[in-house]
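These are the structures, in structure tokens.
Same chain, two partners: chain A is paired with chain B first, then with chain C.
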Partner chain A sequence: MSKISAITLNTFKEAVRDRILYAILAFAIAMIGSTFILATIGVGSGPKIIRDIGLGFISIFGTLIAVFIGIGLVHKEIDRRTIYTIVSKPIHRFQFILGKYLGLILTLFVNVTIMTWALMGLIFIGEGFWDFRLLAASGMILLELMVVTGIAVLFSAFSTPALSAIFTLSFFAIGRLLDDLRLFGEHYAGPVGRAVIRTFYYLLPNLGRFNVSAEVVHGVPLGEVVSGVTILYGSLYVVALLALTSLIFQNRDFR
Partner chain B sequence: MKMKKISVLWASLFSLALVGSVLAARGLEGRGGVGRIADDSLYLPSATFLRYASLGYRTVLADLMWIRATQYFGGQLEVRKAAPEKHRFLYPLLDLTVSLDPHFIGAYRFGGLLLTVVKRYEQAVAFYEKGYAANPGDWENPHDLGRLYYLELKDNEKALHWWKIANDLPGRPDYIPRFVPLLYLETGQREIAVELWLEMYRSTDNEWLRGVIRGRLEKLGVEIQ
Partner chain C sequence: MVVLKTEGLTKEYRTGFWRTRVRVLHDLNLAVHQGEVFGYLGPNGAGKTTTLKLLMGLIYPTAGRASILGRDVQDVAVKAQVGFLPENPYFYDYLTGREFLHFYGQLFGIPYRDRRQRIEELLQAVGLSKAAELQLRKYSKGMLQRIGLAQALINDPQVIVLDEPTSGLDPVGRKEVRDLILDLKRRGKSIFFSTHIVPDVEMICDRVGIIVAGRLVRVGTLEELLGSEVEGIEITASGFDEAVGSQIAQWSVRPPVQHGDTVFFAVRTEKEASQVMEFLLGRGASVHAVHPKRRTLEDLFLQEVAKT
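What follows is the complex of A and B.
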């Protein structure tokens, strides 16, 4: 456990030293602040617009951080040849993967928390109260980012950063459209096509399930928005991704 | 010293280039070109396309489309001539907004009002009805539809129909129950109107409201026991 936590903390420290992270975070907060301007021209829908677009920015910038740091997570160690020092130590390869993954999740948690509180602060200035419901939406965004990070780390274990970025962003797009894809298959595909689509529907990450921002903004009770099954689904998917990454990484030859 | 000179040179070049680009941008204003169109609302994408293209950020796109709709409305106000095509893209823009976010109550309310202001009543009715179909538990759309029929279209039967619906929904304004009997009266259903007012009189201890109801009933020659 101490080995994993050491790698986790090291990855976190490494990530927070990265200037790109600060650039993305500063830009994200500036964009969240700009929703205030959009809200003023939104004729009577200002509060909704601030929440919608603010949560949208948290999700978009969180995804960018997850993808662009996640894709280099393992590859960077191989490229710098520091991996040889690590694998020669009494440490299992899955511990290395898990530590790296958790380090990035810790980074994302800190970033999402900062962005969420920036948004909540903006709402507090404008409306005079803390909208704690947004924490539920950003919690689900974080869960989605955990899955996206898992995908990025998986590709990072065997591919180049450029290809990993393309693959991860493609998976993100597909994951966001999976429900529509299934609907499309049910309406227009034949029996074989439907079966193929259904198989992909269950195998690919259904990221749309974590997108509850609209429900939170429209005041749907939190009990209906955040479901235990969704959290379980996200957690199991992350476990599956990390297991596959460990399997691939275990079989890589670093001699 | 040499370094300082180079820095000053770069700073001067930067300033000159920036001022030049601003002047060039000003010169480009109002110039047409291939691909430029007078009104980009002519090429609105379909809601289905936007739903896919939004990658799940549908409500964000709905907000942006809503801002676009209000800007379009504002821009059209500058068009002096009351031509039939004036405001013709207002409904498509509003429809696109609520197609992306069917629960955007603010867009139905203000959008319906904008359509009413520009006297596009049929579209306003369709827009409110769409809002009610998507949000049957919200009082706002039937309320606004009732107001449209009552004030603009002078159709008291339909106004009554929609206000009766709004009256049964949670959160509706307090004045709706007072308007419903009035509309029964105006549509010739005196007995129902009297019955409703009497019921309201008995169930409230608000003295102001009781006074209003008493006045109405006295005009109809009904005595309160």
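What follows is the complex of A and C.
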């Protein structure tokens, strides 16, 4: 466990010592701050706009960090040959993958937390109370980011960063639209098309399940918003992605 | 006792559009003994790094096997007894020297207190105590090589595998690395290192293996490989006229080399050397030096490379 945590902390250190992360975070907070201006335009529905768009920004910037750090996470170690000094130590390759993954998740956790508290602070200034319901929404965003990071790391284990970015963003887009895609298939596709879409529906990550911002904004009780099944679904998907990544990584030659 | 062994170790890569098989290492049989410094000598692209990567489990063999301390190199547990420095090492440049060593110490599961003490000793040994708080991105190439050596020794390994440890270093840096290797040998460690720098091998190795085009062509001690036979006699002389100079050119086994008044040339046997010296001294020339020339490792190395 200490070996995995060493890699986790090293990955976290790498991320937080990179100025690009701070640039993204500063820009994200500025964008979240700008929702205050948008809210003043929307008569009566200002508070909802701030929450809705603010959570949207947290999701977008979180995804950007997940994808753009995730795609280089393993590839960079191979490209820079730092992997040589890791694999030659008494550590299993899956431990390395797990450590790298958790390091990025820790980075995302810190970033999402900062962005969420920035949004909550903004609401506190405008409305005079701390809206802790947003923590539930951002928790689900983090779960979605864990799946997206898993996809990015999987591609990073055998592909170039550019291709990994394309694949991961494609999976992200399809994952977000999966429910609509299925609905489309049920209504308009033939039997074969329906079967294909249904297969994709069950195989690909249904990221729409993690998007609970609208429910949180519109005051749906938290018990209905945060479902145990969704958390289990996300966790199992991450486990499957990491297992597949480890399998690929285990059989790789580091030339 | 054999600490590192390869049996029929073979590696093929698939390259190009048609995924053609290219064999880069052919049936390597090698043994490194306890407490010896083994030099793995070969030109660039000979298969040295491929061998070391196979030994470290970075790549998988196409055929054959490799073992360290009697256990297969794929066994993760054996790596606790091994130190490895890759060629032209690239490290986490955002870490300071001390953080870097702590990180690798953690990968061996060394407790914090022991790790801290070990790191101070190693920083001292590689002369980086003052640079311990600097980020590695500010290190020179020589400093990176030294911190790389320190990480290879963090676990006080029994077997140390170094890939081109002196490559790219200035003469002072090379000497420091050689001294460090000899110090490790004194402490009973077994060292296997690859290089293409012949003098390094001659200076510190107990045994040598020469690899050319993926094949181990020679292996043995320097005495076994080079023998003690005199290959020729080198003579340095001056103070003679043109006629004598032409005669020297006829005797010499290679074209004489002239620097000002002084001429360097070589004859085959001691008997010929006596005759030449008598001839020169008889004509008023000065003989400055007479050296028996033995076969060098470089001669053997170049000869083996030329065969391919």
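Assume the second predicted complex is superposed on the first by the 254 of 255 C-alpha atoms of A that agree within 3 Å, B and C clash if a C-alpha of one lies under 4 Å from a C-alpha of the other, contacts with A are read in each partner's own complex, and residues count from 1 in each chain.
Assume contacts are C-beta pairs under 8 Å (C-beta built on N, C-alpha and C of every residue); 3 or more make two chains touch, one makes a residue touch a chain.
All values derive from a computational prediction rather than experimental measurement.
*Asks:* Do chain B and chain C fit side by side on chain A in the superposed arrangement, or is it a clash?
*Replies:* After superposition on chain A, which the two structures share, chain B sits beside chain C with no clash.
*Asks:* Going by the contact rule set out at the top, does A:S2 touch chain B (first), chain C (second), both, or neither?
*Replies:* second
*Asks:* Output check: A:H92 vs chain B and chain C. Expected answer is one of first, second, both, neither. What do you get?
*Replies:* Touch status of A:H92: second partner only.
*Asks:* Between chain B (first) and chain C (second), which does A:Y84 come into contact with in this model arrangement: first, second, both, or neither?
*Replies:* In the superposition, A:Y84 touches chain C alone.
*Asks:* Thinking of the overlay built on chain A, is A:K13 touched by chain B (first), by chain C (second), by both, or by neither?
*Replies:* In the superposed model, A:K13 contacts chain C only, not chain B.
*Asks:* Is A:G72 touching the first partner chain B, the second partner chain C, both, or neither of them?
*Replies:* neither
*Asks:* Once chain A of both complexes is superposed, is A:D253 in touch with chain B (first), chain C (second), both, or neither?
*Replies:* The second partner, chain C, only.
*Asks:* Please indicate which partner A:G126 is in contact with in the superposed arrangement: first for chain B, second for chain C, both, or neither.
*Replies:* neither
*Asks:* After superposition on the shared chain, which partner residues are touched by A:L38: those of chain B (first), chain C (second), both, or neither?
*Replies:* The answer is first: A:L38 touches chain B but not chain C.
*Asks:* Working from the superposed arrangement, determine the closest approach of chain B to chain C, counting only CA atoms, in whole Å.
*Replies:* Taking the overlay as described at the top, chain B lies 26 Å from chain C at its nearest C-alpha.
*Asks:* Which residues form the common part of the chain A surface touched by chain B and by chain C?
*Replies:* None.
*Asks:* Which part of chain C faces chain A closely enough to touch in the complex?
*Replies:* Checking each residue of chain C against chain A gives 13, 53, 56-60, 76-80, 82, 84, 86, 88-92, 94-95, 99, 103-104, 106-109, 148, 151.
*Asks:* How about chain A: which of its residues touch chain C in the complex?
*Replies:* 2-3, 5-7, 10, 13-14, 17-18, 80-92, 251, 253-255
*Asks:* Help me check something: in the complex, which residues belonging to chain B touch chain A?
*Replies:* 51-52, 55-60, 62-64, 66-67, 70-71, 101, 103-104, 106-107, 109-110
*Asks:* How about chain A: which of its residues touch chain B in the complex?
*Replies:* The contact residues of chain A facing chain B are 38, 41-45, 48-49, 52-53, 56, 59-60, 172-173, 176-177, 180, 207-208, 211, 213-214, 217-218.
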